[in-house]
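Labels for the chains are A, B, C and D, by order of writing; each one numbers its residues from 1.
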Amino acid sequence: MAKELIVFIDMEIPEMLTRVEALKLEGYRLMQIHCTRVESGYEINYTFALDLPSQNLRIHIDREQEIPSISGIFPAAFLYENEIHDLFGLNITDMLIDYHGRFYRTSVPAPFGQAKKDTGGGE
Amino acid sequence: MRILPMAKIVLKSLFRKAATQMYPLITKEYYPATRGKVLNDTEFCIYCGMCQRKCPAGAIEVIRAKRYWALDPKRCVTCNYCVEVCPKKCMTMDKRYTAPSTN
Amino acid sequence: MGERTVIPFGPQHPVLLEPLHLDLVIEDEKVVKAMPSWGFVHRGLEKLAEKRDFIEFPFVAERICGVCSHSHGMAYTQAIEALMSLEIPVRAKYLRTILAEFSRINSHLLWLGLLANALGFESLFMHCWKLREKILDIVEETTGGRVIFGACRVGGVNRDIDAPTLARMSRLFTGMEKGFREIDGVFRKDYTVQKRLQETGALSRADAHLLGAVGPVAKGSGIPCDMRRLGYSVYNELDFQAVVETEGDSYARTSVRIKEIFQSVGLIQQAIAKIPAGEVSMKITGLPPVGEHFEMVEQPRGEAVYYVKGNGTRFLERFRVRNSTFANIPALLKILEGCELSDVPMLILSIDPCISCAER
Amino acid sequence: MKTVLTIVLFIVAAPLAGGLMAGLDRKAGAWMQSRVGPPLLQPFYDVAKLFSKQNIAVHKSQKYYVLCFLVFVILSGALFVAGQDLLLVIFALTLADVFLILGAYSVRSPYSYVGAERELVQMMAYEPMVIITAIGMYMVTKSFSVADIAAFEQNLFVKLPGIFIGLLFVLTGKLRKSPFDLSMSHHAHQEIVGGVLTEFSGAELAMVKIAYWYQNVFLLGLVCLFFASAFWLGVGAVMLTFFLEVFIDNNSARLTWQFTLASSWIAAAVLGMGNLVVLIFI
């Protein structure tokens, strides 16, 4: 996908929620949600698409912060949110279907949430 | 809507040779490019460990001091990358697969 | 109103070859509710990107899935190339596209076989897979791998395909088209198959959009959601239209996939006719810069979203895959509600699930 | 004395014939699917292996139900070859099936339950047609006794073509072939796994398989009865029927129980009852 078609918009949680509702009314579909660990905490990307170009809403959060679920607006979001909860250990509230940490059966709890170790490649 | 459109195919197959083969009794013709299994001609190997470092599956173990080279066939994903990076070109990709074992 | 029973369906079930577990609440034989759970094959491949050199990682990315492996490799390499602003040789792009369409035919034939199997139609199942074998053979001959092609490398493809072989690849379909037409006739005209597929698992256009369905599921409900229209690789130079059906039932989804087989044949022939001479790979210098990139590709099963974030080292900061199965699960739950128990395997298959893709 | 010998011959030879038929079924099916297929004697190897397996019964009573199933299948076959009342034979076979269903109900497995329910539906689907067959045979030969029917000098098929075709229709379900292999399929590629047989294992499963061999021989004997006046014609009809069932199996998808029930009853009403009505007026 051409780079110019992807727009990243940084915002706060309340603003994000109103924006998501507006996007739904405009006929966007939820493309994906993903979380990335950054130095100051975590950032969550919400990608929406209308036909083909996409919009990315991005929020920055801390580990303890509660994130309201958007599965009430886009029902399909519950899968992504459970994934983020299980892999990063973040608190997402009011999910449509909450697996309470039993979505992924990982041997280590929240494996993606831990700080990156200095690895030199290989095993 | 048609009744029994499959009948033609089924009847044709009934009187033709089966498409399957009795592997491993009969092995198929492999292509020159087929990635079957990794072989190393240790006579020319300098045990540099390049293959070990590059292997995405961590299947190769090289100990330079002991002139030791081993491949764990269960971990190997036959991606051919070790063969590509080998500086001495002593590693080859055999086009035959590892034979099945019964035990 | 009958007694409610919960039937555990999967993760190991003879019909459902994917490690997906569903708790089906049934009333007599009617499914009232379906509750999914998974996590049986989570391998942490996204995390592995932090430990593997970005040049070596296509091998891992391809192994996310065994059927659409080529499109995973293609998506990963395209994402890295975009991140590094590399312009790879055009011939390499063409070769990738040709192989991607071969992989699509392979995937659809495999899926049609599995659908026939779920319907208890063994001979059709075997026949689809017999056709698929020819595709796999030519792919093995040209790339070296039957299932995992291993063709995509950052900066191009691993080996060139010479002109006579390309011509043979194009000619292959003159013989195979008859076979495709035969199975098309069975899937779309056979009374028993029609009886099972038509009007089961209907998904309206609005629902498909709201639930974020992608790929043949969305196309079957009338949404022309085909990422190839973005024109990545060389799709902008090829002439094609997204296949769309409007009924939204299992029959529509089957039709979409059968039509896509014919479409892929056309795309391969177009690409082989147009392919320019030249290099097939380029030398990579430098490292992925600090930055991020989204890459969308149309896999046989639907749209896949790749996200890569570089940090200026050999290892990616974050690598993320969202494949089509993940996006289609909510649609699956919707179509499972109110269906017959006997239709459950067929409906699960109708989204073409690949759990190892979805869990990575 | 002759009757006793016939019964003994049936008890010994029927499983051999049934097993060979099962092998042939798998072989012919494989050829139709472009496969090599298993050896002809594979069903015997399978059963021998099943007997050697560790015996795990989910529920104790299962064993007795399976035993009763086998005994009553053999009994119905024996009554048939002994030339007893056809109705008695049919109801003995029904009783046998009831034991299998009880066996499936005796364990708490949803797959087994659904399989048992479907088996009941299947019984409802084929039973009318089988009874019409007996009535049709009675109307032609004026006897329900298998011995009398077999000794009847005319070819029954000439007078009962509708009933014969109707019987072939329901036989598809009874022989566990697509499109009517609802409750249990030989391939186990089914939404309810093995259906009624899901919870049977080891020796019990082997016994069920042997019972099916007996039953298939008996069912094809019923087909043969239509051509009893000319023995070789009967054998030909049986072979053709068998091939046709394998062929249909490889030519159709599995249908739903609603469709099975409706189509079987329609077949019974149109072909069976139609044939009976014609018999009354000629």
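Methods note: a residue touches a chain if its C-beta (ideal position, glycine included) is under 8 Å from a C-beta of that chain, and two chains touch if they have at least 3 such contacts.
Not measured: the values here are computed from a predicted model.
S.K.: Among the chains here, which has the CA centroid at the largest distance from subunit B's centroid?
M.R.: Of all the other chains, the one whose centre lies farthest from subunit B is D.
S.K.: Quick check: more C-beta contact pairs at B-D or at A-C?
M.R.: A-C
S.K.: Compute the distance, rounded to whole Å, between the mean C-alpha positions of subunit B and subunit D.
M.R.: 47
S.K.: Can you compute the centre-to-centre distance for subunit A and subunit C, using the mean CA position of each chain? Integer Å is fine.
M.R.: 24
S.K.: Determine the centre-to-centre distance between subunit A and subunit B, using the mean Cα coordinates as centres, and give it in whole Å.
M.R.: Each chain reduced to its C-alpha mean, subunit A and subunit B end up 40 Å apart.
S.K.: In angstrom, rounded to a whole number, how far apart do the mean CA points of subunit C and subunit D lie?
M.R.: Averaging C-alpha atoms per chain gives centres 43 Å apart.
S.K.: Would you give the residues of subunit D that are in contact with at least 2 other chains, written as numbers and ranges?
M.R.: 32-35, 250-252
S.K.: Taking each residue of subunit A in turn, which ones touch at least two of the other chains?
M.R.: 121-123
S.K.: Pull out every residue in subunit B that's touching 2 or more other chains.
M.R.: Residues 4, 6, 10, 13, 19 of subunit B each touch two or more of the other chains.
S.K.: For a test of understanding, state which residues of subunit C touch subunit B in their complex under the given definition.
M.R.: Within the complex, subunit C touches subunit B at residues 52-53, 56-57, 59-60, 63, 121, 123-124, 126-127, 130, 133, 140-145, 148, 150, 158-159, 182, 185-186, 189-191, 194.
S.K.: Once bound in the complex, which stretches of subunit B touch subunit D?
M.R.: 4, 6-7, 10-11, 13-14, 16, 18-22
S.K.: Looking at the complex, which residues from subunit D come into contact with subunit B?
M.R.: Against subunit B, subunit D makes touches at 28, 30-37, 247, 250-252.
S.K.: Please give the residue numbers of subunit D that touch subunit C in the complex, ascending.
M.R.: Touch list, subunit D to subunit C: 29, 32-35, 110-111, 113-114, 117, 178-179, 181-182, 185, 187-193, 249-257, 259.
S.K.: In the complex of these two chains, what residues of subunit C are touching subunit D?
M.R.: Subunit C residues touching subunit D: 5-8, 13-15, 29, 116-127, 130, 190-193, 195-196, 340-345.
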